[in-house]
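I'd like to ask you about the structure that follows.
Note that the chains are named A, B, C and D in the order they appear, and that numbering of residues resets to 1 at the start of each chain.
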Amino acid sequence: MSRTAEPTVERVLEAGSRLAAESARFTGLGWMRGTSGNLSEVVSRDPLRLVVTASGLDKGELTAGDVSVVGPVGETVPVEGIEPRRPSAEAGLHARVAALTGAGAVVHVHTLSAVVAGHHWPDGVPLRDIEMLKGIGRLAHDDEVVVPVIANSQDMAELGDRFEASYDRGVPAVIVAHHGLYAWGRDLTHARHVTECVEWLLTYAVAVR
Amino acid sequence: MSRTAEPTVERVLEAGSRLAAESARFTGLGWMRGTSGNLSEVVSRDPLRLVVTASGLDKGELTAGDVSVVGPVGETVPVEGIEPRRPSAEAGLHARVAALTGAGAVVHVHTLSAVVAGHHWPDGVPLRDIEMLKGIGRLAHDDEVVVPVIANSQDMAELGDRFEASYDRGVPAVIVAHHGLYAWGRDLTHARHVTECVEWLLTYAVAVR
Amino acid sequence: MSRTAEPTVERVLEAGSRLAAESARFTGLGWMRGTSGNLSEVVSRDPLRLVVTASGLDKGELTAGDVSVVGPVGETVPVEGIEPRRPSAEAGLHARVAALTGAGAVVHVHTLSAVVAGHHWPDGVPLRDIEMLKGIGRLAHDDEVVVPVIANSQDMAELGDRFEASYDRGVPAVIVAHHGLYAWGRDLTHARHVTECVEWLLTYAVAVR
Amino acid sequence: MSRTAEPTVERVLEAGSRLAAESARFTGLGWMRGTSGNLSEVVSRDPLRLVVTASGLDKGELTAGDVSVVGPVGETVPVEGIEPRRPSAEAGLHARVAALTGAGAVVHVHTLSAVVAGHHWPDGVPLRDIEMLKGIGRLAHDDEVVVPVIANSQDMAELGDRFEASYDRGVPAVIVAHHGLYAWGRDLTHARHVTECVEWLLTYAVAVR
């Protein structure tokens, strides 16, 4: 693909299909109540393009076309053959996460454990000496991990700045206080696994605090 | 439809089909244990008519015809082609909710979180500065929300009066103490989303109190 | 059916089919971990005959023939065309429950809430002023209900005596301490509903104690 | 099979098929978050050979071929017709468990209850006078059971030594502190049942401590 080419409709729908299935899975776990949360896949690096689940829909009932294509600040990018859907307001943060971390997929879910942990540890959730840390690329022993917690905002630029200021290259997740969890991975399956492991770790931290 | 026309059998069964599917979904979440809870859709505004799930049946196994058509005080309204089923005693409260709020669908479920929250906050459950509040039409910041809690009663007129006295136009839900949750929305899917968000919010409130 | 006639193979397999489906349902709820718990249906009153799920099998994978036919003290009763399966040791208590209460179906499950509640209230779990009490045939207001708790035993005659000594005609359930829950109803669907409501009530009681 | 014969591809795929189904089941229970946990079946005693689920894959999506065949110290054993997959690092502990206990199948899952219980009882989790103990081959009364808790390690030889030092012939499970649970049985179905019962017991112990 040339530098300026936009993703094809096939590429977008392939991503949309995976995002729909993954959203249904997270909905089944109770992590996307209401129409909350959103998932994205990077389909182009330069220019940066993400396919993001559309806003306002039940995340257990998406179809491949229930997505938007967005650029680096979450702005909608038209793709021929794709019906324009309203992207999630949070698409801008997905793009910032993808740009800074190099992730191929970003998950944003409203897991209770993340919000409860953010409540108890507003300066970051410390985790150490737990095997499950290996699931997020860290060591099971003698490795101090802190999941950053950033203040919530409705301004995605502000939220993105807070994310960048808090970003720890060794931690593929951030808690937005009183809001939810962002987690990411090299692709959507990896992002699922990271999300599951972070959720387990936060639930554990809350259980034994 | 003319002002005095009653809903057709097709219209009732369409609603019944949606109510059955939605009831099965809530049953799967554990929010309609036993034969508890009931769901309704408004099918006519003037005169007010609601299709309400029938009483005494397993809410995971309803079919389209397991409904009653009721009027403003929950009284059964005969519809040609619809086998009369016993409406839930709570149909009267559904009708009051629909009349006062303008909702197109009302959900009544026995979520544990609602009853536990009602126990801890008998004067209303205060919620503030939580992103999930957007799921019930409120702001994520600096917006004081109180989910009303009203005393339980077996007299639907009395319960309806308590509901009306407690009603806050900005809160699409009410907890009936020691009983369960009512939540509503412009249609059944919206009512589902409101219910899920309120349930999340109450679970969170209990978890961090 | 004449007084001395034993149930036919068809009658037994019909019951077995219902018991298998219901067991799978309870297994899905996590209430029959391992091979724990057992369900029964009364197929004859005089002589008393129950079809009981067989012992030692995964309760999520039963087939219609995975049952035994037992008499008043849990003894196996041969039925032509039914392969003899080892009845649960607890079949004797099922029979005692059916004989004393007149129930058409008995559910025994190892719900965590029942055992935790039995731990906290060894003399019986008091419940009052909760709407869900209507699901077990009681009033939502001003009606003092106590779910009996009896000491565990491996001797079914002893356990049966304890059950009878503790039996309250108005309460369709008993907790066996450090063991699990028995609940019953006029048929298997009703027994399911009673079980679900009791489980909800006990979970609630533990949550707000 | 002669003493030196390796398992056939059919035997391995049969085991792999069962392991895949069982892994999907445990994933559904939330006990194998991310790519955590692994299951094994013994396919040969002499020489000792286990079929173990492959590492790094989603345990809800395995197919029959997503396995490795390993020997007594977890080393990969080539089998003609089986694509070599990376065995889990923990395969060595599976082999030690199988060798010492005589188990036909070993389950390793990251249940929250096991890690929380290991946190509260670092010297072993005492259990006594609970009916569910019968599900792990013990008595419901007057039988003191202690589920061993061993310190975590990334060195499988060290972890195996700790397991052997802690091993109680009467307890078919061990908690690896800050890590997860190992449980075993005569075959995979039995190992499932033991795992479920241990998980229930640990959840109960945490709930009433």
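Some notes on this structure:
To be clear about the criterion, a contact is a pair of C-beta atoms (placed from the backbone, for glycine too) under 8 Å apart; a residue touches a chain by one contact, two chains touch by 3 or more.
All figures in this text were calculated on a predicted structure; none of them were measured in a lab.
At the interface between subunit A and subunit D, two copies of one sequence, fewer than half of the residue numbers in use are shared by both copies. The greatest centre-to-centre distance from subunit A, using averaged C-alpha positions, is reached by C. Separating the centre of subunit B from that of subunit D, both taken as means of CA atoms, is a distance of 46 Å. With centres defined as mean CA coordinates, subunit B is found 33 Å away from subunit A. Taken chain by chain, the contacts form a single closed ring in which each chain touches exactly two others.
Every pair of chains meeting the touch criterion is listed here: A-B, A-D, B-C, C-D.
If you check the complex, the residues on subunit A that touch subunit B are 30, 33-36, 58, 110, 112, 115-116, 119-120, 152, 154, 176, 178-180.
Subunit A makes touch with subunit D in their complex at residues 29, 129-132, 135, 140-141, 189, 192-194, 196-197, 199-200, 203-204, 207-208.
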